[in-house]
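Before we start, here is the structure in question, set down as structure tokens.
Naming follows writing order (A, B, C, D and E), and every chain is counted from residue 1.
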Amino acid sequence: MTDQWTVRRSGRATKISSVAMVAFGIALFAVPFGFRTDVVQQLTTLCTLLMMAVMWNVLAGYGGLVSVGQQAYIGFGAYATIFLTQHDVTAYLAVVLAALASGVLAVALAPLLLRLRGGQFAVGTWVVAEALALLVALDEDLGGGTGVSLRGLNTIAPDWRRAYTYWLTLGFTLLLLALVFLLLRRRSGAAIQAIRDDEEAAASLGVRIMPLKFMLFVLAGFGCGAAGALTLANTLFIQPQSIFGVQWSAYMLFMVLVGGIGTYEGPILGAILFFLLQDWFAQYGAWYLIGLGAVAIAFALFLPRGLWSLADDRLPFRLLPVGYTLRPAG
Amino acid sequence: MNWVNAVIQGVLLGGLYALFACGLSLMFGVMRIINLAHGDIAVLGAFLVWSLTVHTGIGPFWALVPALPIMLILGYVLHRTVLARSLRGGPLTPLLTTFGLAIVIQNALLQAYNPDVRSLGGAAGDIATGSWRITGQISLSYLGVLILATAVLVLGGLQLMLRRTAFGREMRATAQDADTATLVGVPASSVYARATAIAVATATLAGVFLGVRSIFDASSGPTQLIFAFEAVVIGGLGSLWGTLWGGMVLGVAQTIGATIDPQYSILAGHLVFLIVLASPHGRSLLGYRREGRPA
Amino acid sequence: MTLLRVENVEARHGLLQAVRGVTFGVTEGEILALIGANGAGKTTLLRTVAGAHPLSGGLISYDGSYLTGVPAHRRVRRGIAYVPEGRRLFPEFTVEENLLVAGRRARSGRWNLTTVLEAFPALQPLRGRLASRLSGGQQQATAIARALMTNPRLLLIDEVSLGLSPKAVEEVYACMTVLRESGTTVILVEQDLGRALSTAGRVICLLEGRIALDAKTEGLTRDEVVTAYFGFHQARPA
Amino acid sequence: MTPVLEGRGLSMRYGDLQVLTGVDFAVSEGEAVGIVGPNGAGKTTLLNVLAGAVRPSAGTVSFGGRDVTRTRPDQRCRMGVGRAFQVPRPFGGMTVLENVVVAASYGAGLRGTALYTKAVEVLDDCGLTELANRRAESLGLLHRKRLELARCLATGPRVVLLDEIGAGLTDAEAAELVAAVRQIKVGNTAIVWIEHIVHVLVQVVDRLVCMDTGRVIADGSPGEVLGDAVVIDAYLGKAAS
Amino acid sequence: GGLGSSDDNSKNQAKSALKIGFVSPRTGAAAGFGEPDAYVLELAKKALASGLAIGGTQYDIQILDRDSQSNPQRSAQVANDLINSDQVDLMLTTSTPETVNPVSDACEAAGVPCVSTVVPWEAWYFGRGAKETDKAAYKFTYHFCFGVEQFHNMYTHEWPQVPTNKKVGVMWPNDSDGNAIRAALGPLLKQSGYTIVDPGAYTDGTNDFSAQIAKFKAENCEIFNAFPIPPDFATFWRQAAQQGYVPKIAQIAKTGLFPSQVEALGDIGIGLAGGAYWTPTYPYKSSLTGVDSKGLGDGYQGTGKQWNQQLGPSLALFDVAAAVLKASGNPKDKPGVANAMKTLSVDTPIGKLEWGKGPNANVVATPILGGQWIKSADPKYKVDFVLVENSSDPNVPTAAKLQEYKA
């Protein structure tokens, strides 16, 4: 009986689709050679949004940790970049180091925040972000409440600067996507979802809860830190109130829920949709924002599982081999 | 003397936070909806009252008499049309709905009222600027006392309603398990809708006091939101009395922080919040009722 | 008099059809046992009657009128009470609050806090305890008691004796007899065939969403039931 | 025979409610022990203490001779204590198979082919093969109970703690279950099984323990215990007499 | 397109079309500043409808108007989009560092000329990283606005109009304006013989100011000076009234710029003293549109709203734009346009702006005059702003003397 069945992780279609996605990701590196700078710049913006969405999804969608405070890492990553460049680190190296530093910040905050649950966690993370913003604003060297510009990129020719920033952003995005994929593909993937569904039951099956949550939390800190540092590299000016602003969390929430929470592909779709909405309609000022709000409400009401559910329910196979299925052997 | 004054002003400020947090506490603590639109609803209420005062010439507190029922109905309808449906989508869907609602309200107000700042303080007359002078250094403002008293009344009343009345029990039952509530005869969606109506009405109250105390424009909604959330969490989810205390703890922390150095005011509030969360005692004291799943 | 009539009822979970064209009636004062294998559709059927699950076909009439479109809480007020599978108590309520919340909009009748606690003496000392802290059997007893608080004319109980100790099972079935005497109609899902057959006047067996057997318990042999259960004849296991 | 899992002088109190009072309990390798007792007697609590879900107010728990009183439940699981909850707690968002995979990969530490073989085997043992690719939240109660058992077995336990996994089963289904549990025993795994359906229980267990109000009131061969007047009075009621 | 070939783009474009980007806050916290922009844009568009003749070529002018949402990241993004997608030839931006600084940074980095205003020039110049010693820190970005000097000048001429004990209680927040003012204005005022009572920087959004009020009362500060955001000032001022702090001069900046902000305060708003960078009484004309200040104010009031100070600088931006494009000779040559800025001289409603003479190569420091809010004589409006001090620009007439503030 038992040898009639086997566990499969990927079918042929899944393999083809994942290879295609990897190829596409790598092909994106060539964009600056073939397209105008505005495309490069926009893709950079899109990638930073995408990183944020993917990271928020890792936390909330897979880990059940609904954070309203990921802007803490975005801001920290950006300010760490400023701090490092002020200490004569080259800007792009500073971006990488700042992302790592954000990961370290997450390590430091984890003991406090990971003990909280549900609403407490959400508000707790938010307050941490606000407190960080206030602390940064107290530091005159970092520009205080005034904000500060990233100097040091101006020496590079504008087109090349954009290309470098783009490559770095794309590199980080692919890295994060790969990390999340590995996390889901390896046994931790199932365990993470188990924890989200029922922590105590997961523990009773031998799953170590804390290390896994810790891993998610640190990964998300690292990813958001990178997104923040790259946002700075892309926009060159930051100010504590906005880079630590809660609107980032709102945007992440929007992208993830509209795309499809708890799925690998959903946040990517959500980020693209958000980016396009912004790109096409933002010039309409208040009307654009009203429209954005209406889109959010419409999704909540009519497509609560997000955009990806439309595709997911229709596709006969998975795009990515992260699940397990029982199939007849042979 | 400064310290005494700081504490007194902090308590009064806490009243405002508590009042602001009241509707949030009801929805967040009891119904488990994180309402990101709370601040904007408050501002919407303030605009409504402002319009009434301008067009009829009555004071803002009198304008509440027609405004509160309007907002109650609005809350009821809001739930029936939007929130009820999004509650079915899972725990996070209401978050998306209220986020959408927040920016819709904020920008619709911007379109309707343009970006000018408004205030209800002028129309409120003496209440906005008068005070009892206790000593040269200490004074109790009419407004602060009025806000605090309202907060105590509203939060206390709602707390009693929740804990002591059958409707309150139904509300808590619905919050725990809406499907099962209907199976024991509780009209869950209308219970929710009424709770939302109350939350929206208290938000209006808070918005009006905010408008009397300072000024507001379409974008003022979110600024006080975090303090309200902090008050709810410090006080323990699900307890409205707790929210009142939470508001005061926050208010006093801020004024004492400001007395040490003005730049520590808000920071001090945040730190006290984090300390309360971090201390094992604080967490178990305040959070166990709702969040801990008994083994 | 027929209290409940189920006509060609269909119910589905997504693509899966769990109840397929079920028709039967229940007369007032009757005790009906609903049996069937795992996944036969018993729970789904009860939930459909209670209004907790949407009907995808057919009609349900109760006390002379159709229930189509009547929400669950109205059905409760009209006398249909449901004890859900898995108890579904309000975890943050005490036992007493669990009972009271059900009693609030109840029809009037013999059941109130006092009489219910008399019928379930085991609950008396637990009145002030949070439902989430109850043992499994205590929860089951509370769930049944809670349904009684609504003074039902038609009581639907899913998995009656699940988790109850033998003594408690006695008590519950004793209570069932009291209910019948007071004219309450009961539909119960019970896996303990012996119990089901001895208490109920009639038994309906579901097989993959269809009725495989609908008979009076009098004179029904165990073999007949078992056949209906599996859709083929199977020797009673040792 | 040396006990695999042993609790000594276990007491448990919640506030001023004494739920367990000085309970001694042990189970040896390959032994099957049944626990019965009235509702609220403290059976599940005893299991919680043994599995590490709660820490006892007094007393010690040892596993394979090691003191594990302060060991977390996940550690105990990896050491070999498997546990099935009375009220099933499936991971609703995952498929049945994935539920089992979590247990086999973390609880038993299996990887690759060994993991898959184990999962397939356990699903088959528990009759869940057909449902393997269904989301667990769509299962009915009894299938959930089976999943509970399947997950527990997939952790490759040396002792299993089963809480009313047979409740609500029809006779035929119960017979299957009995066969399955006997199968566990063959592998020399110790079994602790709480069940109110005594006639099913006695088909498997070597020893029966009856608890009441937090104490063990009888302990011995099934025949002895079920014939004990105290047990009949406290637990079985007149049905047995 | 692609790397290293960006020059093609400008070549591909129709030679005769010029694009001007305009970024200002229309939504969000600073939306009040952006309010009159729609009107000003109309004026500018009308004036530019027939295009500009530059160096013998007739250019069509297209103005691309974008909302910054009062948010730096959004500002940078729209600026970058304007630069890269729309390929603007010149960027204009106004109102608050949140909008102006990131737009300027984006332009500087991309090599697009940019003109900005309504950010105190120190916050713009130093806030973006220039050192004290830099005299020409930026190549492509230029600015005109008042600075600390102008405040100092105005205050020291205006305050003596009312006799006081020369003790100034200050509320300078921890934000761009507050920090710039604390660093520069404080010492200057001290040199001029004023005692500064500074309780310390506070955070924007603070809800209780009793600590500061207590201090001002204790020190008997007869002059009060603040650079707060409007809601903070409203909170403070009501609390001050409640707690009985009534200075003789209440000198506010940053808030109280617009009539609505003063109106909202009710009675306690009457008598507040504020600064002005433009009023309809300025005796200057826009060189691009030919509209004079009075015409500008009246025209705007014709749309139903009371005039406000933003009108002047916003229109001035377009004057500068037209002038610099003409002066460059080749408006498509971005470094050339930026070069032309260095020596540009242009008439605007706020006066003649001359680069190259100011505090540094990038900045023209414009005057700020003192005024006071009084009850309006015009029944259409509640409050009115009259000039009481004009030492920075004596061409502008004053209408009254500073009155003591009365509760």
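What we mean here is this: a residue touches a chain if its C-beta (ideal position, glycine included) is under 8 Å from a C-beta of that chain, and two chains touch if they have at least 3 such contacts.
Just so it is clear, the structure is predicted and the values come from calculations on it, not from any experiment.
Colleague: Are the chains other than subunit D still all joined, and if not, how do they split up?
Modeller: If we ignore subunit D, what remains holds together, so that there is one piece.
Colleague: Using direct touches as single steps, what is the fewest number of steps from subunit C over to subunit D?
Modeller: The distance in steps between these two chains is 1.
Colleague: Can you name the chain that lies farthest from subunit A, using the mean of each chain's Cα atoms as its centre?
Modeller: C
Colleague: Measuring between Cα centroids, what's the chain most distant from subunit B?
Modeller: D
Colleague: Averaging only over C-alpha atoms, locate the centres of subunit A and subunit E and give their separation in whole Å.
Modeller: Chain centroid spacing, subunit A to subunit E, equals 37 Å.
Colleague: Determine the centre-to-centre distance between subunit B and subunit D, using the mean Cα coordinates as centres, and give it in whole Å.
Modeller: 48
Colleague: Once you find the CA centre of subunit A and the CA centre of subunit D, what distance in Å lies between them?
Modeller: For subunit A versus subunit D, the centre distance works out to 42 Å.
Colleague: Distance-wise, how many Å sit between the C-alpha centres of subunit C and subunit E, to the nearest whole number?
Modeller: Computed value for the inter-centroid distance: 75 Å.
Colleague: Quick one: which residues in subunit D touch 2 or more of the other chains?
Modeller: 53
Colleague: Which residue numbers or ranges of subunit A touch two or more of the other chains?
Modeller: Residues 134, 138, 200, 286, 289 of subunit A touch two or more partner chains.
Colleague: Touching two or more other chains, which residues of subunit C qualify?
Modeller: Where subunit C meets two or more other chains at a single residue, that happens at 133.
Colleague: Can you name the residues of subunit C that touch subunit B in the complex?
Modeller: 50-52, 71-73, 76-77, 81-82, 84, 88-93, 97, 100-102, 104-106, 130, 132-133, 146-147, 149-150
Colleague: Considering the complex alone, what residue numbers of subunit B touch subunit C?
Modeller: Answer in residue numbers: 166, 169-170, 172-173, 176-177, 179-188, 289-290, 293-294.
Colleague: Show me the residue ranges of subunit B that touch subunit E in the complex, using the header's touch definition.
Modeller: Residue positions touching the partner: 2, 5-6, 9-10, 13, 16, 107, 110, 114-119, 121-123, 128-131, 133, 136-137, 139, 141-144, 213-220, 223-224, 227, 251, 254-255, 258-259, 261-263, 265-267.
Colleague: Spell out the part of subunit E that touches subunit A in their complex, as residue ranges.
Modeller: Where subunit E meets subunit A, its residues are 1-4, 6, 9, 26-27, 65-67, 69, 71-78, 80-81, 84-85, 97-98, 101-102, 105-106, 108-111, 123, 127-129, 173-176, 178-180, 201, 203-204.
Colleague: Please output the residues of subunit E touching subunit B within their complex, sorted ascending.
Modeller: That would be residues 27-29, 31-32, 34-35, 70, 174, 199-203, 205-212, 214, 217-218, 230-232, 234-235, 238-239, 241-244, 258, 260-261, 263-269 of subunit E.
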